[in-house]
Amino acid sequence: MNATCERGVNALREQIDAPVASFFSSCVSCGLCADACIFFQETQDPQYTPIRKVELLRRVWENEYTLFGRLKSMAGLGNKITDEDFTDAERLVYDSCTMCGRCSMVCPVGNDITLMIRKMREGMSAAGHAPVELIGAAKRHTKGNSPMGDLSKAIQAQVKHASAETGIEIEFDKPGVDYLVILSAQEIAEYPEVIGAMAKIFKKAGVTWTISLEAFEATNVGIQIGNRDVAKYLVTRVVEAAERLGVKKVISPECGHAYQAMRWEGPNLIGREYDFEVVHIIELLDQLRAEGKLKTSGKDSDKITFHDPCQINRRGGINKEPRRLLNMVAENFVETDDAGTMNWCCSAGGGVGANERAADLKNAAFQLKKRQFEKVAPDKIVTMCAFCHHTLENALEDNDMDIEVAGLTEMMAEYLVDED
Amino acid sequence: MNNPNFDLLMFARGPLFDFALLVFVAGVLIRVVEILVLGRKKDFSKAKGKPVQQGIKTIFTRTLPRPGAIKANPITIVGGYVFHIGFFIAFLLFVPHIALIEELTGLSWPGVGRVIIESSTVLAVIAGLALLYTRWRDPVRRKLTTWVDYLVLVLSLLPLITGYVAVNKLFGDPTFMMALHILSVDILMIVFPFTKLMHAFTFAMARYYNGSIQGRKGAES
Amino acid sequence: MRNSSKSGADLVQLMGAVANLPTGNALPILAEIQEALGRLIESGTTAVIDLGSIPFTGGDEKILQEILGDGEVNAVLNAMGESFVQETAIPGVWRVDHYDLQGKTQARFIEVTFIPDILRTQPEDALRGHEMLAERLNERTGANEKGG
Amino acid sequence: MPSSPLLPKLMKAHGVSRRSFLKYCASLTSLMALPPAMAPRVAYALETAPRPSVIWLSFQECTGCTEAITRSSAPSLEELIFDAISLDYHHTLQAASGAAAEHAREAAMKEHWGKYLVIVDGSIPLDEPGYSAIAGISNLDMLKETAEGAAAIVSVGTCAAYGGLPQANPNPTGAGAVSDIIKDKPIINVPGCPPIPMVMTAVLAHYLTFGIPDLDELGRPKAFFAESIHDRCYRRPFYDKGLFAEGFDDEGARAGWCLYKLGCKGPTTKSVCATVKWNDGTSFPIEAGHGCLGCTEPDFWDNGGFYKPLSAPAGNYRRVGQAAVIAGVAAGAGGAYLARKGKADALANHETVDAFTLEKEEKES
């Protein structure tokens, strides 16, 4: 049952479908994906050309799913895949890719290279080549209830604190409410203000909600490692809790990959549709705004810019919502270059941030963000992903840049109308 | 007495074309069937956008580059456009070619004059040479490019060059050059299913899949 | 399709226009004439240029005509079809154009010479003329004798 | 005396002036693509060349070539050239027949051995001598016998030059060209079905004056077979403009558009048809509204069909195309089966992984 090369190859074999076959058939090696990649941009190292990162997957496809590849193998000209091939791919598939999805946007023949990286990681993880830090997180999350270990006590303390601060009672595991709120470990540990913020907003909007003590963790390291079994195991916890509590909606928090895991991958991991809906917190806030249930007063006079989390905007389709909200509360909202669909990654998504080996690459990649921020020179960067928040905060500090970073939900709560 | 040039032309138009057609049609069919048969798992996530519509839309919209892309890769993008547009003008709007397509399929459309055909051909060849150059000089492309890619690019340029030489009688016996022109097309057809030339068919599938994956999420593509 | 007959006529015109575009051969020919004229003066060497041996269109003819112009001599031969022998405004340079009995161009030449050979009476023809005149005189005198 | 020059006498008899003769020589020089300075030499040669003995052999042919050369609408100097030769044997034209005719041939051969010119029209059956014979002598024997004492041979028409119609697939008589049989004599090919009379005369004139003209690799005089019909076609501007007739009676055809799509072989056919034309310069096939058949080229009957565009495939592409679809679908189905099986096996072989089996054995501790 341990990781082997053969298990990895088999996982890749399982992952290949019509889209993958059409992508590999279409690639003309034009190299345009290179410039879309933040790691190539900052290193100019051709090995980081996105399509090269999935070469192993291409070889499996050619060997096993094409007639000519089969004939080549029969003639003894095929290429045998070894454990070394997996080792060689580690730095390309995990360290120099945040699965930001920019390459998938620029490919002239329409290859979704990011999707293929996701599939590559299935093979890599099955072959035992996932980064140790991510494997550790998976173990902790499996044994406990979050990738940081057991956060039961922490969540209870943070909720209690938020209740006390806002004067709003927050009940755990309350059946029959509208929303089940799940959180990212990052939020629980670093940005717990978001709990109070949501409490205030939901109270004003008149919606009921709860947090499940059994399944409060939204993140899913199985998605980052790229292992569907692990991902399925983790997502099932939330699905079971939500269905047991009978909520209408599960609120995906300010976390990029959690949104991917819960909203888009989850139903496919468990092989059925949910009994509930999944909405991203920003989607929900924008909906409340449209319904007139979210009203603000006053505006922040700081120069504010917005960082689009890749998984939520480019790969998640939430683009206009945060801007509509931000315009309600920001007087001086300035976009950076490439903002929106083609925004650049914070430099540490997709598991790169947890991966010690990738530290230098991550720092190199941040330089692009740095230049963009310097050009705009904002007082504050607002985002809607706790991990982007965390990455930017640390990277700005490391680069001696004095810019505040804030979550959008928190910011909205700050300017809520105070009438009763 | 035979005219060896004419005999070569008849060989290129006759048996070799038949063989090339067989390899081309059967090969492309195999490749396309091979892709489609792998299928796609049903997606259980609740669609936010319109996957099918966006998939179809992306087949067309992906034809245009993202803003700023041209500046970063001028040769590849401008060269790519000029090569493709020039190639297709020369291929699809030159009346002798239309006559060929009409013979094969019964479909016909009006052609354009020699000035347009020849300037397109010249531009396509220049663009093709530029693409060849950037493949050879640019580190990213150089690393991506296999010998088959170089071969395919050269083979794609040969029909343009031989056609131009034959029509303008630049050198060689015109009948011989015409034979070379058709031979070069035969060869292109034969290598087609085995190489990246397949993108001419599969790009639409790839763009569709990309568009539909993004479309389901309501994201741009 | 509405305007097709009109556009058809336009195209016939166009075809004529295209066929008459200068090929660029007029100027080299003129340079050759200039050189030949030099040789004619120096050594009396004559030269003939066959305008049918190179691509030479109506457009080229026009350029040639503009530069050479019309000269003093203009002769029409009637020898198995017409021939026009004209000295150009450049003395020593002649145009010789032969037409057949149907009026089709047979050959077009530029001759650089003091007098084109074809204008001269050929000795053989003179000989025949001499015979013919004798015959005619004979006939006339014979008739006179009979009548007288 | 048959070998004395006859031309001056003939000219005199026809009342042709010497000036007319000079004009003709100038035009002929231009037509033969000789430098204009050669005109006096042409005139001199025509005047003084001994009257050659010519033996005209007609084999598997339709008499079209003879018709063409003898059908001039107005008396011309071309005719004089023919009158200048001593046609000692031509079984269609001569009055004598049977044994008397053959005697004439034998007598001419004997008298002018090594000096006479042989003109051949028609191809020679090689499968069975009996397919075509004259006075009991097979064409093959007659050609070999007559060629032996010839100074040169002119193959008039595509049948004699390249095999022509008799050789067309399936070539029932095993027809061959003169050059397939005679290897040791100079052969001038004047192909065409039939050749342009003026070209035939000019070639004879050239032979009479300067001997064998410059020939291309197919044995044709370069002066008349260097350029394609397409290059000199009056419809060429339409080709260049992309305007093509789609049918023989459509508007394009009436407006004189290019006939390429209707199968015109002008681009691959070398001849002066478009400039010299036929019937004393009246017209040529393309001007009459029909595409060129390519009759001055070898195998023109079998080169892919008269009405098929040159660019269209010439083989069994329809059947091949159908076979390709079947083969493609069949092989595709085979590939599909293997691919599906491979994928199904992969899914069946899936080992469920959890967080604790993500590492390799040696790493685990």
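Residue numbering begins at 1 within each chain, and the chains themselves are lettered A, B, C and D in the order written.
One rule holds in what follows: a residue touches a chain if its C-beta (ideal position, glycine included) is under 8 Å from a C-beta of that chain, and two chains touch if they have at least 3 such contacts.
Quantities reported herein were computed from a predicted structural model and do not represent experimental measurements.
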item: Smallest number of contact steps required from chain A to reach chain B; value: 1
item: Length of the shortest touching-chain route, chain C through to chain D; value: 1
item: Centre-most chain, if every chain is reduced to its averaged C-alpha atoms; value: B
item: A-D or B-D, whichever has more C-beta pairs in contact; value: B-D
item: Centroid-based (C-alpha) most distant chain relative to chain D; value: A
item: Centre-to-centre distance between chain D and chain A (centres being mean Cα positions), rounded to whole Å; value: 76
item: Computed distance of Cα centres, chain D from chain B, in Å; value: 38
item: Rounded Å distance, chain B centre to chain C centre (Cα mean); value: 56
item: Rounded Å distance, chain A centre to chain C centre (Cα mean); value: 90
item: Chain D residues counted as touching two or more neighbouring chains; value: 240-241, 243, 331, 335, 339, 343
item: Contacts with two or more other chains, residues of chain B listed in rising order; value: 30, 34, 37-38
item: Residues within chain C bordering two or more other chains; value: none
item: Chain pairs in mutual contact under the definition given at the outset; value: A-B, A-D, B-D, C-D
item: In the complex, chain A residues that touch chain D; value: 1-4, 7, 10-11, 13-14, 16, 64-67, 70, 125-126, 128, 130, 132, 135, 138-139, 141-143, 225, 227, 229-230, 233
item: Contacting residues of chain C [partner chain D, same complex]; value: 1, 4-5, 8, 11-12, 14-15, 18-19, 47-50, 52-53, 77, 79-81, 83, 96, 98, 100-102, 104, 106-107, 109, 117-118, 121-122, 124-125, 128
item: Interfacial residue positions of chain B with respect to chain D in the complex; value: 1-3, 6-7, 9-10, 13-15, 17-19, 21-30, 32-34, 37-38, 93-100, 102-104, 108, 110-117, 169, 174-175, 178, 182
item: Touching residues on chain A, where the partner in the complex is chain B; value: 16-23, 25-32, 34-35, 40, 44, 46-47, 49, 51-52, 65-68, 104-112, 115, 263-268, 270-274, 277, 313-319, 338, 341-342
item: Sites on chain D touched by chain C in the complex; value: 8, 12, 16-20, 22-24, 26-27, 29-31, 33, 35-37, 39, 74, 76-77, 234, 237-238, 240-241, 243, 251, 254-257, 280-281
